[in-house]
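As written, the chains take the letters A, B, C, D and E, and residue 1 is the first residue of each chain.
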Amino acid sequence: MTLAIFFVFAAFAVLGGIGVLLARNPIHSALSLVGTMVSLAGIYLLHHAEFIFAIQLMVYAGAIMTLIVFVIMLLDVRHEEAETERLGFAKVFGMVLAGLMVVVLLVPLAAGLTGKPGGMTEEVLARVGSVEFLSEKLFTTYLLPFEIASVLLLVGLVGAVALAKKRL
Amino acid sequence: MTFSMADMRLLTPHLVITAAALLVLLAEAVSPGRRKGYLPYLGIAGIVVAAFTTPGLFGPARSGFSGMLAGDAFAAFVYFILYAVGALTLLVSDAYLRDEGRDHAEYYALVLLALVGMMLMAGATHLMSVFLALETMSIAIYALAGFFRDERSAEASFKYFILGAFSSGFLLYGIALLYGACGTTEIQGILDAFASNRALAGSPMALAGVGLVTVGFAFKVAAVPFHMWTPDAYQGAPTSVTAFMATGVKAAAFAAVLRVFFVAFQTLHVDWSGVLWVLALLTMTLGNLTAIAQTDVKRMLAYSSIAHAGYILVGVVAGTPEAGAGILYYLLAYAFMNIGAFACLIMVGRKGHENTELDAFAGLGFKFPALGLAMSLFMFSMAGIPPTAGFIGKFLIFKAAVHQGYYWLTIFGVLNSAASVYYYLRVIVTMYFKPEPDTPVVEGLRAGPSMALATILAGLGVLYFGIVPGGLVDLAEQALRYLV
Amino acid sequence: MLQNYVPILILFLLAAGFGLGMVLMSAMLGPRRPDSEKLSTYECGMTVDPGARRPFDVKYYLVAMVFLVFDVEVVFLYPWAVKFKALGLFGFVEMLVFLFILLVGYAYIWRKGVLEWE
Amino acid sequence: MLDFLIESILKVLVVFGVLLFVVAYTTWLERRVLGRIQVRHGPNRVGFQGLLQPLADGLKGFFKEDIVPANADKIVYVLAPVLSIVPALMIVAVIPFGDSFQLFGREITMRITDVNVALLYILGLAGLGEYGVMLGGWASNNRYGLLGSLRTAAQMISYELALGLTLISVIMVSGSLSLVEIVNTQTVWWNAFKQPLAFFLFLICGLAEINRTPFDMPEAEAELACGFNIEYSSMKFAMFFMAEYAHLISLAMIITCLFLGGWYLPFGIPTPGLLKFPVFLAKVFVLVFFFIWERGTFPRLRYDQIMRLGWKWLMPLALANIFVTGVVVTAVA
Amino acid sequence: MIPFEYSMGLSAVLFGLGVVGVLVRRNVIVLLMCVELMLNAVNLAFVTVADHLNSVEGLLYVFFVMTVAAAEAAVGLAIVVCLYRARRAVHADEISLLKG
């Protein structure tokens, strides 16, 4: 049952991905990408990642893509890419490279996972709750990355203002 | 609780520089849009204070924040390289930005924040903090590259941005695979996983992970064939930012490479050294060959920075502490000579006109003797001619490579160095032996006290470390001793 | 855990079916007598400017970008708030440091006039 | 498992049906109440007291001509109302309407489901709901439509931020993201008493988030000629309209759960099992009535006032509230 | 439990699509979206591994990748806005990456 649902989501995700690539209008690409992201949120859920499911919807589908759509609308990116572009060297090269890439990523899967398992077992999650468990780790063991993230966000803020504000 | 005051000790330098960046932003918030000439010096003051808190880190390796950040001599050494890069960049930027009418607080804040990212990258001992630090640095530099907001600057910024984000994708996928293979992404943890399980070294997942991480880093250090963003990004960005990118990013990225490859992937040396061997050769050769063909000095320096990444990669291939020490030395030398050279380029330009075509340099050697002298010194150092720091750096790296039996790579390296002499000397020849055109391109120099100070400091660094390298080499070797 | 989400999936299917069904029904049931005036852009009776799409004011982008950054900040606050009592003073100080850095950014954009509308 | 599936499907169907019914009759209620406030009658012809009016409106929607403007982006134009209504109707999934009751020896909970991340789920759907508004204006290729959707989207994201920050302090005192658990922490003191500022802020942000008066930019007829849905007619227009009212009702239910103790009476007065659902319903009704009433009372804010309120007042206040809550809770602990 | 290979396979395919997009498309905003697609694929890989190893680290990675994606999107779109303003030309939204 879960597997069937997985395949439905996976199919939508891949279709969305193809849509991003093929759509001539950036808004259609963006919508396809939102589709992929929502499908991926579903797959995260199948992988027992509740919190990630929720923030995938909130941050990726809700905020990042909103901003992208917003900018497309504001800049009026309607221009359809010129049809004159033939299947040039760059395109063939790109596709071959990406094909190789996928193969490189697929081959290792046969070997299976070898990493040593961690402590996030279902019993533990049932006892402390998945968000609580994640939160506990984030604010103790992973404290430094968390604080770096605030600097990172500040950089994003200042950078965006420095580039886009009319008069500094 | 997994946190103590000892952890804070490791983070003090970063905190000081972050505080300086925040002060810059607050100063801007207090009087928005107003000119504030003291900001670069506020930044430099922050760097100086941070430098005073750093020597305590020399000594035996310590790790803090649950294995996220190292406090070892290696990190401290790289921090000092980065302080030099940061301070020189700020000095160089001051007069330049004022002349271009772009001396905004954001620039200085972003430089300082990028510096924090670089330092964290050098100190990080967990791939998660490496990644976040890398992104902090990169995002700040994307914004800096586009800071002039004209077409060229924006295009440079966009190219750098897209390919940077692209390479982050590869790096991350590599990390994900390593995570699957080892169950952790702490650098020590990866080493332990490989050491305790011999079969893991042959696991396709681990190898694919190592490969993708290599690709990700290769983009960041601009190794061929992942270099295509470099020339346009370097040429289009404001010159001071180009200097910062070429030296700071390189230093931070190679510091992370050393930690990841020399520690985490230590047991896999046979696997990655072959790949890096090819990358090093390609990078040196292609960088130099294309640099020869350039008629624009800024673009030439962009290609030459690719070539320099190639020399440094030779040291990575060698994989010994000796080679690592050579790399650290080289990174410092490169910081001095490259920022110095870009400072000379800035001085030649005027508002809206960079004047970096080779022909613009004709006759400048006699017209502006100090500039001619400085530029010649930096070109000599880049070419690796004694008694400059550039020479010692190459010497140390090639020596380490020979000790490990990489004769062919060393021979190619030396040949490449020899070839590079041609285009570096061409600048000097143009400056001194070509007559200035009838309508002079460069009428005056864009030099102020700060610019002069930066150039003199860089020049002194190149000369001093070229003539008496002993102490620095000892320090670098000590840094590597505690790394491995 | 997954079981809790099954009803959401059912509701999603129902809602999506309902939405699409409405659009289809409306398309099938409604009359269709198009004419050029009806299909033209409604601009309060003024003549239609063919180049009607022009880039808008920059403050819109800025507000959206600033939103994105602060939205992620808020997302970090959720797991913290859930565990807030257990994390204690230490966790509170951590979050204050995090918030302080971004508050500097907030003060900066405020004074820069990013939040001004006319 | 099969029992569970059947139970879930039945519950979903019932809740869905009731929701649509309530949406329809909220429009009737609003028109009648606004009529009274403005000293007129409101719809009172179709059926007793105009009770059949929503039905007639719906039918009319179906039989109106379905116009797609000639230079609109067809696919997106048709998709936008769907994207608007689907998330709006899905919020209700995680809202508890009451405790549980026994039926044929089975314990039936008065909710569709309870998930750990309910609040985040709601915020996620709210984020997805913005696409309908944004794309609707864009796809119709109309200057007013585009401007309207930009303004609305900018407003929604601004208030989403303040809304999220306000929620933090509620989560801090309740220690959970699940609405059921949040309700269960309010048996004695409602969060409205523990977090009065948060309650007030949430009310304002919620109204702005669903584009309700006095923040109803999309309906600023004078300035925007109706806003993002200017080119929409027939059922597609009705769908935007329905989404708006579904949001309104969801907001009332969310506020009830977060701040007004859900199905509990205040001050620890024990709530008899049979009364729980009516108590919940009463609170929701009062809130809905309040939303209608304030629409008849407050004038619309200017756009710059809306944005200033969100960014320069509500956000700092919400942050200060988090800080004070943190200090107080830490000091007590 | 979804088999490890399935999710990782999906992740690899999505990553490949993103790579093709970056190399083939020329519209600046579409390039940005393709990078986001790659990051999403990586996130899926992290979630899958985290699920199968019962380890929380992968989930935290996803969290931070989203943070980075947000900061990148903010700055990236600011650059795009800048590019548009600087060019004001017909092909303002196009760029050639593989040149030079």
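Keep in mind that, in the parts below, contacts are C-beta pairs under 8 Å (C-beta built on N, C-alpha and C of every residue); 3 or more make two chains touch, one makes a residue touch a chain.
Quick caveat: nothing in here was measured; it's all calculated off a predicted structure.
Common neighbours of chain A and chain D under the contact definition above: C. Note: the chain lying farthest from chain D is B, by mean C-alpha position. If you average the CA atoms of chain A and of chain E, the two centres end up 6 Å from each other. In whole angstrom, the spacing between the mean C-alpha positions of chain B and chain D is 53. Chain C and chain E have Cα centroids lying 20 Å from one another.
Centroids built from CA atoms put chain D at 15 Å from chain C.
Within chain A, residues 2, 46, 48, 50-51, 55-56, 58-59, 62-64, 66-67, 70-71, 74-75, 105, 109-110, 113, 115-118, 129-131, 134, 138, 142-143, 145, 149, 151-164, 168 each touch two or more of the remaining chains. Each of the following residues of chain D touches two or more other chains: 115-116, 120-121, 146, 150, 153, 157, 177.
Annotation for chain B: residues touching 2 or more other chains are 1, 3, 18, 25, 33, 128, 132, 135, 139, 142-143, 146, 149, 157, 173, 177, 179-180, 183-184.
In this structure, the chains touch in the following pairs: A-B, A-C, A-D, A-E, B-C, B-E, C-D, C-E. Partner chain D is touched in their complex by these residues of chain C: 1, 3-8, 10-12, 14-16, 18-20, 22-23, 25-27, 29-34, 36, 38-44, 49, 52-53, 56, 60, 63-64, 67, 70-71, 74-75, 77-78, 81-85, 88-89, 92, 95-96, 99, 103, 106, 110, 115, 117-118. Note for the complex: chain E touches chain C at residues 66-67, 70-71, 73-74, 77-78, 81, 84. Chain A makes touch with chain B in their complex at residues 104-105, 107-111, 113-118, 140-145, 148-149, 151-152, 154-156, 158-163, 167-168.
Contacts from chain A toward chain C in the complex involve residues 2, 5, 45-46, 48, 50-51, 55, 58-59, 62-64, 66-67, 70-71, 74-76, 78, 125, 129-132, 134-136, 138-139, 143, 146-147, 149-151, 153-154, 156-158, 160-161, 164-166, 168. Contacts from chain B toward chain E in the complex involve residues 128, 131-132, 135, 139, 142-143, 146, 149-151, 153-155, 157-159, 161-163, 165-166, 168-169, 172-173, 175-177, 179-180, 183-185, 228-229, 231-232.
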